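A, B, C and D are the chain letters, set down in written order, and residue numbers restart from 1 in every chain.
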Amino acid sequence: MIAFLIKRLFHAFLVMFIISVISFAIQDNLGDPIQQMVGQSVPDSERAELREELGLNDPFMVQYLRFAKNAMHFDFGYSYFYGEPTIEVVLRHLPATLELVFATTVLIMLFSVPIGVYSAIKPRSPLSRLFMGVSIVGISIPVFLTAIVLIQIFAIGVQFTPFPVDTGWGSWLNGLLSTDGGMPAYGRGDVVHVVGTWSTNFASLEGLSYLVLPSISLASIMLPLFIRLIRAEMLEVLQSDYVKFAKAKGISMRRIYFVHALKNTMLPVITVGGVQIGTLVAYTILTETVFQWPGVGLMFLDAIERSDIPLIVTYLMIVGLIFVITNTLVDLIYGLVNPTVKLTGKPA
Amino acid sequence: MSKVRQQPQYPQESESAQAGDTLLQVRGLEKRFPLSGDFLEQLRFEGGKLKRRQAFVHAINGVDIDVKRGETLCVVGESGCGKSTVARMVMGLLHPTAGEIRYDDRRIDHLSARQLLPYRRRMQMIFQNPYASLNPRMSIQQTLEEPLRFHHPDWSRQQILDKIGEVMVSVGIDPEWGKRFGHEFSGGQRQRIAIARALAVEPEFIVADEPISALDVSIQAQVLNLLMDAQERHHLTYLFITHDLAVVEHFGTRVVVMYLGRVCEVAETRTLFDRPRHPYTQALMSAIPRLDDDGPAHIKLPGEVPTPVNLPSGCVFHGRCPHANDRCRHEIPQLIETQGSQVACHAIEEGRL
Amino acid sequence: MTIAPTSSSTTSPSSRWARFRSSYLLYSFKRDWIAQVCFAVFVLLVAAAILAPWLASMNPYDLAQIRILDSELPPFWIDGSDPQYLLGTDAQGRDLLSTILYGARVSLIIGFGAVMLQALLGVTFGLLAGYLGGRVDAFLMRMADIQLSFSTLMVAIIVGAVIKATFGGAVYSEYAVFILVLIIGLAEWPQYARTVRASVLAERSKEYVDAARVMGFRAKRIMFRHILPNTLSPIFVISTVQIANAIISEAALSFLGLGMPETQPSLGSLIKSGFDYLQSGSWWITLIPGAVLIVLVLVINLLGDWLRDVMNPRLYKG
Amino acid sequence: MALLEVSNLDVRFALRQGDVKALRDVSFTLDRGERLGIVGESGAGKSVAAFTILNLIAKPGYIADGSIRFDGRELTTMKPRQLQQIRGNKVSMIFQDPMMTLNPVLTIGEQMIECLKAHRRIRRRDAREIALNKLHQVYIPSPERRLDQYPHELSGGMRQRIIIAIALLLDPDVIVADEPTTALDVTIQAEIMELLLELCEKHNVALILITHDLGVVSQVTQRMLVMYAGRVIEQGPTREIINDAEHPYTQGLINALPQMATPGQRLNQIPGSMPSLANTPPGCAFHPRCSFSVDANGERRRDCREVIPTFVRSGNCDVACHMVRELVERHSPEHDASDNGPSEKREAL
């Protein structure tokens, strides 16, 4: 168990090391702090002096070690644009993103398991076919397009009038096809302050309504993947000898599906899915842009526009840390759930 | 690099005069496979401290085998006894951890792929699974043609085609079917094609790794007959790996019985079946289901084959042996000559058995 | 004694064409109307994109042809449309249909280009890792894992951002097609590498590879002549999915402003440029290119699904 | 009345090339406590027969015709819920590969207890007691510990013992064992087979043993069926068939064993291979490989080529062969002797 933990932690450190090297390389090559600190009027000699003073002429390794040491204390320097420590800027935007990811994860878990299992148990039923059809359409729509369509339908509203307006049935049908819009689609709306930089959308109905469209559009990219994954795994498990043997034992089908098959299905889903949840953070860049959601994704994109290198680097490091933490947690959970992994680092 | 020998059509004919001399000699062969992958996976938590410990699968632990020219040497044992590993090391598919393999008096286990090339024509291999041993993307013609082109770059197209036709007929496959692909044939037919591929380069020595285990009874007989025909016609020497003692009894000249990576007993087939000496050989033979009821009473072995990760000390068989004593638990028995067979057993050496 | 093959009922397939004609692939294609429709739509879209310069009524790259006064005209079925512009015009007064045709061309070029680069990198690394094993394998696959855990989109965005910050927006716009192919190719090679490696490992353990080694064939010959042809079907299947993914990635990057410039729009940058006019009611500028993008990706994905069912290869999960 | 009565069973697989007939006109009976062997090579349909008995044949397979009566009740038309009450309870199964048969994520105890709870109203503690008792019966060392272990912690032989314990859990009337020792090593094979034989005898459980190993059949079973290309071609007392098989295929199969030939000499091989079920020859399916079906002129006999042979009684055995029928009829004056098989029918193929 301890060896397993150490192995995972070592792996995590390795990944963080690589991310930090990349981040530092970006900072070293692209950011010129002198440019930001002093104006154009300062003569070159003075710049060179400042350069020396700040240690910018030191060898790469020395500079990297300084960067890494500061990074350990979450000190990534000052944002060019905001003029305050980048870590504070990131922390200010982080809760919005995390809440969005959390809401999305809940949506995915709520829908993927029942739908995936159902369409594996009854692969030929019309409903399963519908689910599979919708899911492949879902995969094929880029997340920002889903967001745009959702905005058009639920925020702006659609007026369809293919039927005669003056008849009762016609206007009823038109009403059925049209939407009024009005769903909030820009920003977070009113949030309730919790602690520190964390204000939440979950405390009020109003706040929750702002989450609806962004989280649905973010879920639209992952949900179909999960449904298809669960279905495929479950179909495979249902073909296995141990399921046949359970049938031959006279166990009820319900128990076979939900005790014998589901647990075996979920094992690979945990590994694959856990990683995917981590990558949701990356997709928030797209949804946040469409919905002007004030999270780190939007902040990152703005930072790119403004060439705010320290902020970009901080974002990379923090998001990298989030990825590493989720991956490590997923590995741990997998090890705990799967009896054939003895947490020694290798399957027995 | 050793010189490529000029081989006549059937080079063994001139050499068969020396029948009985040793063609393949294996001495002190060992093979272990590392069980744990990278450095981190070798870490163990022991007595409050992290320790690095490399675990190994000890597949082969000191095996001596001699294959005499013209004979069929059968290697039998249960799964995990290392019989296939021996075969693969002889063919250079695996590298031994220790020990040496000599072919025709020249050491071959440390040769590079290029240096091995001349031996590739002389030694060939037939595999267990006929469904996996033919490349699914190549037609039978291509499968047979490739080794010929590779080993005889100077041959004309007609020469190659003639040779392919000849081997196909000799294994009972209509040369007309050359354009077809492996999946169009049944298991027995595929095994014939695999045999044809091995025969095409005119080897003198063939390692057959469970060549009939995956086949049905009626097909097994066909393939065994084919192997015997080929041996007669081309004066082949076989190293025949199998778990089926009935086949050994019928087919083998001499038998090597293996258990957990060591040799228990070596004897002429007749001698072994008339008088199995080693307790494991005896148990193994009593376990074959026979058609008639007069077979020996089944000797029950307690326990199961231990894993080759933590090899038992002393005689590897002591944990299941009804005759084991303290010496067996500590001292590794060596092969000793007794009544026409070689046996590695303290009990026999001491006359307890 | 000679024996006929078991399937003596089938006629002896001689040429590749004959084999294709009697193949299961074609058989199941003939029976699957969804596959047929998808294939037809895909061919149609690709043909339209290739023939864009001849099909389009105007060249959206040519500033001289643009009439700014005609901007934001709706498509033909809505009041106030101009019959000259079948699908209306965008905010700059470009004919939307023509722009979409050109945009689809750019999207497809980037999609195919990126997948070719991915395949080159992925197949090479996957083959090496799978066949050589050991440290090479451990290193390559760890790199792939790290990159994948970071998500391909993220990697693409970062690489794009770095390139843009290094060379500046103008250079970026000028060489956008090449840069996007490079970015998406670099970001998504691990998918390929892992699929190829998994199937190389599966093939390598089969006895026909041992048989080839026993024959004395060299590693290169075994790798390319024996193993690679047997990993083609998973490569083929994953290629279709990856083209769809690359087109989506390109659209996403363009949408984020890291893709094609508006003067040389792809479907993604068309959607982006139209997005600003969504609130003002000009939905068609963003939604019509969006619909084309969806249809294009959908048919490729459906074809990929169909191929996977037919070829039934072992694909790497995740 | 026989405990299990299978008659005229037809099982087909609906594949894209059309229906493949996996079992054709299979009939046999099993008495209480009797041990019956079903022998055949791969593709003969013996595993399909095993799974069909409990109606466990999975799609695209289906029972096209025939009946399976267990203890007087028809299984082919039974409702799934009732069938569930018979599976594992009255008739239990042992599968081929013990490494694949147990669910890897459930403990041994869980997999035993759920079986008891599915068929009896029983408290968990009592179920555990019964499970423990059964593990003792199959000679598993330290059974208490095993109950809380997962399958991957046990060896193949041990797992097969546990599977036998599960099969015996509810004191069934019949155990269907589908190649129970094929995946095991020789020494373990013999032990498992002996254990199975011992337990069946002790508890008076009937056994249907599916195997390709003639040696195993001859040691364990009292009666045997030989199958070829989906049909039963010979059935009767095991000893009688082993010692003196009538059907050319059975003869060929026994004679092809290495122990039937002089060491060093060629084995008596049967030419050719078993036809695929999708492509069975007309008439007697074995005729293209049969060395007896040639008439005086050296041509294949017409009846062998065209007419599916029906069973004829010869000694205590039933044999489906035209030549055996001829021999039998020549020797017995009453022609209507014992044609208890189904009437001759031609099959269009």
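Worth a mention:
By definition in this document, a contact is a pair of C-beta atoms (placed from the backbone, for glycine too) under 8 Å apart; a residue touches a chain by one contact, two chains touch by 3 or more.
Since the structure is predicted, the reported quantities are computational estimates derived from the model, not experimental observations.
In terms of C-beta pairs in contact, B-D outnumbers the other of B-C and B-D. In this assembly, the chain whose C-alpha centre lies farthest from chain C is D. A separation of 49 Å divides the Cα centre of chain B from that of chain C.
Per-chain CA centroids place chain B at a distance of 33 Å from chain D. Between chain C and chain D, the centres computed from C-alpha atoms are 52 Å apart.
The geometric centre of chain A is 55 Å away from that of chain D, both derived from CA atoms.
Chain B has residues 37, 186, 189 in contact with two or more other chains.
Of all residues in chain D, those that touch two or more other chains are 271, 273.
Taken residue by residue, chain C touches two or more other chains at 1, 3, 6-7, whereas all remaining positions touch fewer.
If you check the complex, the residues on chain C that touch chain A are 146, 148-151, 153-154, 157-158, 161-162, 164-166, 244, 248, 251-252, 255-258, 268, 271, 275, 278-279, 283, 286-287, 290, 293-294, 297-298, 301-302, 305, 317-318. Against chain B, the residues of chain D that register as touching in their complex are 41-42, 155, 157-158, 185-191, 193-194, 212-216, 218-219, 242, 252-254, 256-259, 261, 263-264, 266-271, 273-274. Chain contact summary for the complex, chain A toward chain D: residues 240-253, 255, 259-260, 263-264, 267, 338-340, 348. Residue ranges on chain C touching chain B, taken from their complex, read 1-7, 10, 12-14, 138, 206-208, 210-219, 226, 229-230. Residues of chain B that touch chain D in their complex: 78-79, 186-189, 216-222, 224-225, 228-229, 243, 245-247, 249-251, 269-270, 283-284, 286-293, 298, 300-301, 304-305.
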